[in-house]
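Please read the structure below before turning to the comments.
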Amino acid sequence: MRIGTVVGNIWATRKEEGLQGLKLLIIQPIKLDGQLSDEQIVAADRIGAGVGDNVILTMGSAAVRSFSTTSICPIDAIVVGIIDGKDES
Amino acid sequence: MRIGTVVGNIWATRKEEGLQGLKLLIIQPIKLDGQLSDEQIVAADRIGAGVGDNVILTMGSAAVRSFSTTSICPIDAIVVGIIDGKDES
Amino acid sequence: MRIGTVVGNIWATRKEEGLQGLKLLIIQPIKLDGQLSDEQIVAADRIGAGVGDNVILTMGSAAVRSFSTTSICPIDAIVVGIIDGKDES
Amino acid sequence: MRIGTVVGNIWATRKEEGLQGLKLLIIQPIKLDGQLSDEQIVAADRIGAGVGDNVILTMGSAAVRSFSTTSICPIDAIVVGIIDGKDES
Amino acid sequence: MRIGTVVGNIWATRKEEGLQGLKLLIIQPIKLDGQLSDEQIVAADRIGAGVGDNVILTMGSAAVRSFSTTSICPIDAIVVGIIDGKDES
């Protein structure tokens, strides 16, 4: 999984049906030295993350399948945790 | 998911059968600082995106499965949303 | 999907059984500015691409499943189209 | 798979249900020349790895499916081995 | 798929059960100009590759499923061919 910080929200009126009702956040990955990467990842969120939160992202098919077992969400990244703490040597 | 801008269309007469009838766009990813990456991603589109639109891309198996539940499309990227708005801190 | 140019063929006598009979091409990805990347991707091809052709590549599980529905090919990239044309703004 | 060194632990109280009870480690990938990459990967661990261990990581859907056959864990990286030895030419 | 050269072997006594009995090699990817990348990829091998061999690697879910149809191996890379020859323009 990846670590990043939530830097914004994003909307799309014209979209695939499977995205209906999903909250989409813009995440900026954080490197180990604390620097921010210039990438931007859009992830679905349903645990209440917001701008300024540091979060854990799961990417790829695990993200899709865990988010909905009945239908197939056209997503490839989800927020799976809001980080409380880290201890790095 | 990734954010990019549609920069063109692409055609292939000789192709895998599963690509028949699909509209393929060339997308240039956008970095967080607004700079364009030099990558080019080809994505299938069925929500009507066109050159100049900023879009959300889903990559990998989620793209395949959500695009067609009956047959297997040999694709690994789809346009899932045309961006109306973003609020970035 | 990715865009690249076919730069060669590759053979392996000692190989996984699932590769038997597959034609394998060496593809060099093309960046948006037309520059060639220094990566090399090996892809299976069954639509007749050859050295010098510009092609569309599908990567990952979509490549595997669309290439064979009966057995599992140990491949992660296939040529899905030979590019006739592109219109880039 | 990738090789990395465990540099820390990470916690998240607010998280996807599927993460409940999982031990999450922060891993820094090691390049071939022994240099550490500036990436940080979060991986689930159940074989007892700890800070300072060099480990083997499996990424993507293989990680998800091997970690739990009954439910779908929203993870995309797991520690699969604690390295005892390597012989590199 | 990727092209690389086998540079070593790797062992882990404490490991996920699914890795039992698998031979793990360290592979260094080769760029198109023949330069070696500084990445190191660990791949499972059952076709007899050894240090110094140039090999073809399959990554991701294709690797997992083709390696074992009965159980789920926690791997994401396998050696699928030992290269005899290449013709590059």
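For reference, chains read A, B, C, D and E in written order, and residue numbers begin at 1 within each chain.
The working rule: a contact is a pair of C-beta atoms (placed from the backbone, for glycine too) under 8 Å apart; a residue touches a chain by one contact, two chains touch by 3 or more.
Predicted model only: the values in this text are computed from it and were never measured.
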Strictly by the touch rule at the top, which chains does chain C share as contacts with chain E?
none
What are the mutual neighbours of chain B and chain D in this structure?
A
Chain C and chain D share one sequence, so how far apart are they rotationally when you fit their Cα atoms? Give it in degrees, rounded to a multiple of 5.
145
Quick one: chain A and chain B, Cα centre-to-centre, how many Å?
19
Where the centres are mean C-alpha positions, what is the separation of chain B from chain E, in Å?
31
Check each residue of chain A and list the ones that touch at least two other chains.
60-61, 63
Answer with line, ring, star, complete or other to describe the graph linking chains that touch.
ring
Neighbour-by-neighbour ring order, given that chain A leads and chain B comes next
A, B, C, E, D
Note: in the complex, chain A contacts chain D through residues 1-3, 30-33, 35, 46-49, 56, 58-63, 65-67, 69, 78, 80-89
Interface residues, chain D side, partner chain A - complex
7-16, 18-19, 24, 26, 28, 36, 38-43, 51-52, 60-61, 63-64, 72-77
